[in-house]
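As written, the chains take the letters A, B, C, D and E, and residue 1 is the first residue of each chain.
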């Protein structure tokens, strides 16, 4: 008893030291190990459900490196981001399209990639229409397919698609072209749900998904058969996170080369780091305040919500500039019309009919419309004489940029000042989805919604927010307008860009005046990359709903 | 006579455990069915798509939701659960819930059992010693520190550890279970894993240590006042002999119970810590499933948690019966 | 009934209470705990007087994530709100949730435990199975699962008792899921009290079961309930903080847990905004510690043999 | 029997022993100037009410005073050697091998988680250095000796009846072949018939092993049947000491007399009971002078002020102002 | 004493507690065993009479006391109070008249007093519960009176004290005062002095004896101490394993016991006067068996030094061996059982 403690203590100390050594001593090793193996390490807040593009759109980020679009809008803008088709043309009837596939294109398993694969992908979707397992829920969905009359491979390099009416949709859609030899035996039911498309995948993109650990990472290897040659890096790892903290830390410590989904605070902090370059990328996302305009089942607490004058007056109480400054710290564009600035072809600030932030004006308009505070309690009453008490729900739908609660606070604050008290309920994405589906499916019952939507920059998607076909899906305000719907279907049938622009502008003005939505802002994604391991990052917009960051053009920095 | 009594004791414990587990299963069954909204529409994938009535009907049939809640659905549910079939995840399309859980379980078990082990060794020893030498310096320091740790939410400890050791000092990684793409040489991998494990394990262990010190100390404080300790002293035993031969085992009785009960929380215990460290365990899965309304996964996790705690309770009761001969009566 | 007409001498009880307080306050832990607690209660009682109304994005006074300065003693958050303001208002919400939830769980736990212990037999068996169930299901996880469901069911109304529905839900859920521990302790204490012959004496004296439970058992359970109640508060704070941290709190009435969650989501840890993480965390720590210290001191006062703090 | 033990040198000699307890800074005297001698094989009863100091006396002799107790005077000698009763560690070798104790509540005094055979064998192994097998064998013999079949040794304490447990305690007390056994209320919790059995067992063992026995009890009648000598304690002091026959026949101290009178005794047929008025004193507020004077029917003015000396009358001693021996007697007593 | 003077009559009173079997036992339909705590007892207590129930632990004497005070429910037999059948009366309101007349004094005064109630509350409790007073003044009067008769003077000094502030003797007096407050006709005293110091016992016994003398209360005195029973009681009933083995006047039982168990009990009791009147018989071997395993035949036979074959087969009925003296032993009239 008396002799023991000393020797025992010594043993314990030695053990502690011994066990601590590998941790502390190699701490530098873990920080700098990433350069040597030429693997690009990227990270984002994402949670792919599965890698099956028919079952989900959540796997967009890993899949976009592995599969090509047939054309896609980026391919129209950037010559180095072409898709499955090298060139395309439309006949004079504006109905028959010819797509020329890259000659000698190969799948990553070495098999030839031909027009038949593209035809298979489209026909697979077409064939499901009207079936119980219609493929209408994923990245590749039947949404829009109804315009197609036929799809056929003329030969290995030629794909012919005939549409029922003229449309630009064929070169704007973002369907991933899949290898027929992998998918041909998959049933619709499986494609819709249980088939997981587990790696290793077979694709035509630059980086092929080799390994996928749910909720952890996706590992890519370079595609040997990529149409412009095997990428120079040794591969890529996409780390999946649920919060931004580890992402910023990883960048700082050097264990990540590129990161997306940073918060403004981290972005500021990282911008001070000499090894790191920060950037912000405008996106196709639109953040909006939506009114529940439905009058039947699922209606809101007051009829005022169905009154365009009321909604228009509220529009004067929303200061988009302050929202951008306060809630997004400048990393967004102030909201205006349906079209977002990145959709440069269609974007318009609508300056002639633009509402200017003016609480007094908003009050005057409400007074004029009969929404007065008659009993002097500071709260306005609607035309039925009931005091306003609006329920605002908010949250972030899956796969969009998070809605900062500060934006909601601002909106609620301004409404409060107008004499319209608002109670805010923040919902997780599941609950938010459940409450905003079509009233027929059990949605509705709320008054105001602050949320965001991230669709593509195609005119069809730009106008989706007001489409009666998209009620409870993209159209969260349940608003319908026959004229708007007519314009939308006309846009779908228009190939000419100029005409298309006009139609979109008309539709955008209709919905702006009717004001089922008040656009708050178009947020940007914040990103950053390290300079030390790779070069060739470029300065172009890195992220887009319709393409991938061109990691394939990165080259390892020569190790000093 | 003794054997009968003992087996009856154990039998009663077993019956209790089964009843509790059944109650968990029943709650589990209803949980899925009382949620607002039609499960069928949830099944149709986030429901941000239009669904035809036929599709809904097909889904309902597919999942047996068109049949009466009781007994058909309940019986199906129970028999499937007994077979270990928890159905398919809504969110992770096509993944079996059982597979998802099995995939995530090891990370949690490694994290929590390592933390438990450290906490038991440090906390119990420290607590017992503090209780044995009450009022001494070790007692004062250990008690103060353990109360402090006991009062601190472990996820906050986790955040502070990250700020200190990861952000400021850069010594240890503060997230995930591995460095992205660490070379596949096995030793590197293991070391890398251990480095990633260090902070989460510390965060979980620190919270547990506080608890163990408090309980072990209280148990020992009770034991030293017992009459049989006077007997031991009267027998001329030395302090060490009294501690090891008489005090230790009696003081361990409540401690063992706490430890076994805590083992049941292996799965549940680290949800927040896992969230902070982005640790790829059951905790992370629970939060993801919660956000996505993935009720089959939640059901599975819930049943797993319930079962593990019932099991731990069972083991605790049995262990108590073995350690303390009095309980068997 | 007849109690009202009894000439009652308060001397004995006053003396007992005085003696108890004297003993209780002689513990250093109790003093520290009480001082901290009173401080936070005062803060929670009048946040508007101390720091003005709760800041939102609309009336935020500072720049983004400013470190502590004379202007903002605890710095600012990511939308420029004063962290001191948030933390002080958070005190009210956190303490309210914790204390109300504790009251709920103490009432349920005491009722169930006392009923089961006093009546025994099948009542005991079934109440204890129920208790087992709530004991077995980790209250944190149960709350995690129930909260969003309940929120969805009742979350559409207006304020309930001055609380936003989501806070009210959290209070009820924590209260409903954390009583099992109290129930078990109260039951075992009731079982041992039942053996004391004063219960028999009360029955011989003609007292009814209800009267025995209220007049004889309950006063003797007070020490256990009080000492464990303090620990239940700590547990409730912990659960509330964790739930809010995982995003189930109400961001418009931020509790300390919600603030931590906001801080984490804003990337405070990696951006080095220690004040934003530290302030609410230290508050949680201090309040929990106060309750633990008070609980220990109570337990020591009632039973000097089981002192936890030397 | 008393005659034969008279000649031997005292086995244990307690002289002027005083013990104080410190309670929250207040010190109170538990026993005050206790002196007596114990011869080998002799059985002495130590009788007193609760709080009279009888247990403290016994614990002091066994060196088992609790940490808040302090020996403030006097000494205890075993076979002429002074025992270091105030030093816990130095006392350790003496415990159990010279003096062992049979405690009151055998349920609590036995470790609930160990089998009884192990608990009996433990001192054999630790104090006598016996190997485990031998110690277990000896424990078995001891069990047989106290009337328990050796195969019951595998039982746990809670599986035994109160009487059996007390037998186990006795067997354990015999483990290191002590010469003195202190029975601290060994039969208080037992039924009459079991009590008789245990007392009989103790008596048999005493003559068989030539043990000295200090029997602590509040029950005078127990002492009457099983001891040679009896010492009456009141408020920390021995007030009377004498042979059983003498004390019960002719008690000198009023307290002793009242005590005897308050015990119903069908043997002498008187159905009268004479209550002793008042309550026993507590340690903190000990009455001045003779501590019994507030309750004493024959108290005099002197009793309230002067502590009576402990005077010797023949073979007995008494501390009462009513019985003051002459100076010569005192001298004789000291010679 | 004549029957019509009996305040309490027990006829073959029985209390069997079922042993809680395991789930398995119940499923297999195994017979439920029972602890036969009280196994058919006939006893009567006259007005103003003191009857002592003597027995070792496990004899059922405490259970019997609990049945009489309606703390336990008998499973067989009858219990008549002043000729009225009280066997199956239950519930606090139905029992109110009975409680008014039958009270109990408990063994451990420390346990019997609620530590959180003052002396006043404790003594007032039965008066309040049984609604025996109309107003506070009356209540205070009755409480004072009860405290004074229990020897706590002046009563006012004790009103606001808590039990822990009292000495052991005072506590027992408070218990007695609580029982006296309702002016009962029968008091069951369960070992009322066994926890007290010897010097206090006589005081308490004096109070009890005075009650009978002054208020003509009947007293059922439960004890394990034969001399004590002899001292206080008019009659003594000796219990063994749930059954009366002998009953008679105090002197008869003490000086002329006819049952071997009574003899053994008497012989085992240490006495100051030495062994006068006692034969040198060996102490009884063994211990009282469990009441769950009552031996066949005479329940005392396994320990009885005089047992013969008949004792193992058939249980002896109470045999009259003298005036008011019954003994349940086959040899009761044989003379051999007597202090052989």
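Following the convention adopted for this analysis, a residue touches a chain if its C-beta (ideal position, glycine included) is under 8 Å from a C-beta of that chain, and two chains touch if they have at least 3 such contacts.
Each chain and its UniProt protein: A = ABC transporter substrate-binding protein; B, C = ABC transporter permease; D, E = ABC transporter ATP-binding protein.
Computed from a predicted model, the values in this text were never measured in an experiment.
Between subunit A and subunit B, the least number of touching-chain steps is 1. Touch-path distance (fewest steps) from subunit B to subunit C is 1.
Using the average of C-alpha coordinates as each chain's centre, D ends up farthest from subunit A. Note: centroid distance subunit C to subunit E, computed from Cα atoms, is 49 Å. As a whole-number value, the distance joining the C-alpha centres of subunit A and subunit D reads 90 Å. Centre-to-centre separation of subunit B and subunit D, using mean CA positions: 55 Å.
Of all residues in subunit E, none touches two or more other chains. Residue positions of subunit B with contacts to 2 or more other chains are 36, 162, 167, 174, 238, 275, 287, 290-291.
In subunit D, no residue touches two or more other chains.
The part of subunit E that touches subunit D in the complex is made up of residues 56-57, 167-170, 197-203, 205-206, 224-228, 230-231, 254-255, 264-265, 267-274, 276-277, 283-285, 287-288.
Interface of subunit D with subunit E (complex): residues 49-50, 161, 163-164, 191-197, 199-200, 218-222, 224-226, 248, 258-260, 262-268, 271, 273-277, 279-280, 295. If you check the complex, the residues on subunit A that touch subunit C are 243-249, 252, 262-266, 268-269, 326-327, 329, 389, 391, 402, 404-410, 412-414, 423-428, 430-431, 434-435, 445-446. Looking at the complex, you find that subunit C touches subunit E at residues 1-3, 5-13, 15-16, 196-198, 200-209, 211, 215-216, 219-220, 222.
Considering their complex, residues 36-38, 41-42, 44-52, 54-55, 58, 88, 91-95, 100, 103-104, 162, 166-167, 170-177, 179-183, 191-192, 194-195, 198, 238, 240, 275, 278, 280, 284-285, 287-288, 290-294 of subunit B touch subunit A.
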